[in-house]
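One chain, subunit A, appears in both complexes that follow, with subunit B as partner in the first and subunit C in the second.
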Partner chain A sequence: MSRESWGCSGLGVRYGGTVALQDVSFEAPAGAVAAVVGGDGAGKTTLLRALAGTVQPSAGTVRRPDVRRLGYVSAGPGVWSDLTVEENLSFSGRAYGLGADELGRRIAGLLERTGLTGARDRLAGRLSGGMRQKLALAMAVAHQPDLLILDEPTTGVDPVSRAELWRLLAGAAAGGAAVVVATTYLDEAERAATVLVLDRGRSLLAGTPDEVLAATPGLVVEGPARPDGLPAWRRGARWRAWSSGGSTPPGTGAAAFDLEDAVIVAQLRQHQGRAA
Partner chain B sequence: MWAMAMKEFRQMRRDRRTLAMMILLPVLLLVVFGYAASFDVDRVKTVVVGSRAEQVAAALPERFDVIQVSADQGREAAVERLRDGDAVVGVVTAETGRPQVLVDGADLFSARSVVTELRGRPELPAPEVLFNPGLETSAIMVPGLMGVVLVFVGTIATALGVVRERQSGTLEQLAVMPFRARDVLLGKLLPYLGVAVVDLLVIVAVGVLLFDVPFAGSPLVFALGALLFLFVTVGAGVLISTVSETQGQAIQLAMMTMLPQILLSGLIFPLQAMAAGVRWIGYLLPLTYFVQVARGVMVRGTPFGALLLPLGMLAGLGLAVFGLSVARFRRDLAPAGPRRHADASDTSAAEAARTEAGAR
Partner chain C sequence: MSPARSGEQLASASGLTRRFGEVLAVDDVTLRVAAGEVVGLIGANGAGKTTLIRMLLGLLPPTTGQVLLFGEPPSRRTRARLGYLPQSLGLYEDLTVAENLAFSTAAYGSHDAVLEGELAEVRDVLIRELPLGLRRRAAFAIALGHHPDLLVLDEPTSGVDPLQRAYLWDTIRASAEHGAGVLVTTHHLSEAEQCDRLVVLASGRVVAAGPLAEVVGDTKAVEVSTPSWEAAFTALDDAGLPVNLVGRTLRVPGAEPGAVGRLLADAGVPADVTTVPASFEETFVVLAA
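== the complex of A and B ==
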């Protein structure tokens, strides 16, 4: 398996006259999981499609392996609902040129790892959301790609299946693949080696989760009530706020903030910059 | 109830293609088919052969459109012209006695009009009906209906099969797999072609065994015509699928291609009975040529050489339709067009970026 680093530099994508991505740079090193984070409309899908080669960039460069060394799970179902689990895996494996013996071995291994052995003959359309996503992932890794791209594989999936999917992603990375996964869940992104946060088609934050946290300016404070005069947001039953000057308002204390707080702070800074 | 009706009206207003079909199509169909819906054949192509050909041709009633007069040819030549579909009536003259009038029974409505006229005028000779002596409707309709079945399987089933891939979201998955566009297309089409061929064999067997439709000509020529016709219909199915987002739209469009073919191909109404403008629409439709091939081969036993024009037209239409459909399908799978991938999230990203740029 190749140890190259895949990704893009200065990537821009236009839809006609409008800009979907602008000057986005991103690294997906081999053997690691890279997360692309952002809300609805941030440009995650466009970035992943540009990486996969289904969207033509208008600017910048994309580094990706040959299509035979690429695995992709789209935001759609990603599986053929009127084929069985085994037929889906078989189709995918054959499409990538696996021979019958090798394919049989890999299918057995993938069914085992994904816990789908018992559902081998079940139509994909009759699988639960989590099982379907595991099947889509198994199809994408059947040919042991160098670059594995997944568009929100855990959206709408129950917590247990999410954990299993991340275990499988980690397994693919451990096998040497560069794994790029788009997600709206920031707690998931914290498990990744690197994170790219997109906002309105632009790079908002990038780096390892620790680097992103370390780069957060000011202070995130927490208290039982909404602090006056500071931009604040709820986390569970408590309020958090960003103190750009690093002061601690009465009734609050410094919070052990996480990636979600860091992204909120980055967005607040961007809004303040625009307003100024 | 009003809330429901208002919701429905709003949805209908946004589905402009369906709305246009609901309002414009009935008018269009009425006008076109109004000019097409006629069984009355005013003039029939006629060849006159034999020693008194000139004299007899001059005396024929106006209905007989004499296209060839040949004094040095006999009955055999007249039958050949009828078999090749060049003429509907052959008048064979001799030095003595009444002329023989041969009528092509495969051209049902023309033949019926000629037979009716000749039988009503005792001074004219009694006609001899060839190829379909009993003037059976089934012998004429069944070969044409085979074409309708092939349109159904070839166009509708293919269009639905390809659109299903798009609608279910798996077309994007195929686009990132190491397939060439033609591999995807041919791989998708082969099963439909296989089913269509099985359908064809079953229909021919049912037509011959159940409806006593003759099969006078070469099965190979028939098979060639059917394959070329399938080539066109399957291509039309793919073309429809490339402009349809949903299976409902695909069915609408497929029906729009199917209805004119049924009514304007000569399957039901004779082409020569249609107004010229409408008849020319018929000449652009593949079923027109399949009907000519199927009736020619099965009922008349028309040889390959006499069917070169309809076979060539089917091949030409097939190349045009299939070429266009492959080009559009390739565009669907190619990475060149970001706009086609613009889903809600991407669009909003793009719009947000533009809005932001505009604000600065």
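== the complex of A and C ==
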């Protein structure tokens, strides 16, 4: 596999009069997992589709491998529910041009790695959500793509299946693929080599998780009560707040903050900017 | 009925079991929710969460065991003191926010429910035209409109961004501060930190319960630092270990550091192997195994 870096620069996408993405730059290096984070409507799916070439950009450039070297797992089922697990794998493998011998070997290996060997003859429509996502992932990696794109593979998936899905996509990166995964959850993004946080179609934060934390301005403080006059949010029964000037109000101390806090601060700053 | 007092048992399930034919969906579960606390119900798919919630709400009779809501068996009377937010939100998509609220307050006979802040601005917008974060906040406002003493929330923050998630948790914690008891399910284990107490279900049984620190206890993970994580990952993955990648470091929950070190040495991968406290997610994987 080539050691290239895929991604986009200055990407803009419009749907009619609506700006879905504006000036987004993103790197997906081979052999690493890159996370795209944002809530509903942030532009994650549009970015992933533009990377895959199924959405035309209105501005900027996209670098991607040939379509036959690409694997894509869409949000939602992404499997044929009236085919069995094995039929799904064999159908998509043939679509990518794998020969019968190679296909047979790959399918056996993928079934084992995904823990789906016992379910090979089950209809995909009868699988649990987690098993269905593992099947969709197995279908996307059967031809060993250079760029593997996954749109919220863990939404609605239980924690055990979620850990297995992350093990599988780390395995694809270990094999040299560039892996791009969209998620709404920052604890997942913390495992990725790099993170891009989207908010309303724009890049809000980007870098390695450590870089994103280090770039947070001011100070995140925490304490047992809501501090006066600061934008604050809860963490369990305690409070966290953003002190833009870096001071620690009475009753608070500096918090060991994480990506979730860093994104809350960035969103608060952006909303303040819009209001001003 | 009078409002709940702090510490009062609002929901209590004892020895709750439910069979569907041959399948034992919930197996001898005991669970309590008191006024003023947020209890997280965490489980894998098929662990029995939905069946347990349906029994607690009085929608499904248990095979054996007993449910008490506010000290009595579930009934129309207890339903009036309960707020339930299903995963699907249960809103009328072709009605406005205000119309959904009016419908719900009429059904509960409460008349002082109001829409505040951003929700007041969108009161005349159809539910289906709202972004997911606001739709969830509207569903919260409506589920809380009759000031229920017990709140049951199924995956309440799924799909929203961190700031919207923070707003939703602010509402949940504020309800508990005002005396409500809250039972909340989540697939996202970082949210376990937001709960006072956790109940962890696996295969229909309670496998751990208590505050987060107690549930994690002294569960350990093995951390592997290596210049060639790809080779280390492949060696551990091929050996069938539940290995995960965090940045460029590997973690293996519940593993023996000696065994991990030997596997890596055999594969010729240089690595530092240390034992570290497990995260809740890693603990969960160990518990559910």
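Just so we're on the same page, the second predicted complex is superposed on the first by the 276 of 276 C-alpha atoms of A that agree within 3 Å, B and C clash if a C-alpha of one lies under 4 Å from a C-alpha of the other, contacts with A are read in each partner's own complex, and residues count from 1 in each chain.
Here is the rule we use: a residue touches a chain if its C-beta (ideal position, glycine included) is under 8 Å from a C-beta of that chain, and two chains touch if they have at least 3 such contacts.
Since this is a predicted model, take the numbers as computed values, not measurements.
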| Does the subunit A-based superposition show subunit B and subunit C clashing or fitting? | fit
| Touch check for A:Arg68: first (subunit B), second (subunit C), both, or neither? | first
| field | subunit B versus subunit C as contact partner of A:Leu123, first or second or both or neither | value | neither
| query | Just subunit B (first), just subunit C (second), both, or neither: which does A:Ala59 touch? | reply | neither
| request: Please work out whether A:Leu83 is in contact with subunit B alone, subunit C alone, both, or neither, and reply first, second, both or neither. | output: neither
| Contacts of A:Asp187 with subunit B and subunit C, given as first, second, both or neither | second
| field | Contacts of A:Arg202 with subunit B and subunit C, given as first, second, both or neither | value | first
| message | Tell me the angle subtended at the Cα centre of subunit A by the Cα centres of subunit B and subunit C, rounded to the nearest 10 °. | response | 100
| said: Under the stated touch criterion, which partner chain does A:Ala174 make contact with: subunit B (first), subunit C (second), both, or neither? | reply: second
| task | For A:Asp158, decide between first (touching subunit B), second (touching subunit C), both and neither. | result | second
| So, does A:Val263 touch the first partner subunit B, the second partner subunit C, both, or neither? | second
| request: Report the closest approach of subunit B and subunit C over their C-alpha atoms in the superposed model, as a whole number of Å. | output: 6
| For subunit A, what residues appear in both contact lists, the one with subunit B and the one with subunit C? | 40-42
| task | Could you pull out which subunit A residues touch subunit B in their complex? | result | 13-22, 40-46, 49, 52-56, 67-68, 70, 72, 74-81, 92, 95-97, 200-202, 274
| Okay, in this complex, where on subunit A does subunit C touch? | 31, 33, 38-42, 128-130, 155-163, 166-167, 170-171, 173-176, 184-187, 190-193, 199, 208-209, 233-237, 260, 263-264, 267-268, 271
| said: Could you list, by residue number, the parts of subunit B that touch subunit A in their complex? | reply: 168-170, 172-173, 175-179, 335-339, 341-354, 356-357
| field | Interfacial residue positions of subunit C with respect to subunit A in the complex | value | 42-47, 131-133, 155, 158-164, 166, 169-170, 173, 187-190, 193-196, 229-231, 233-234, 237, 242-248, 281, 284-285, 288
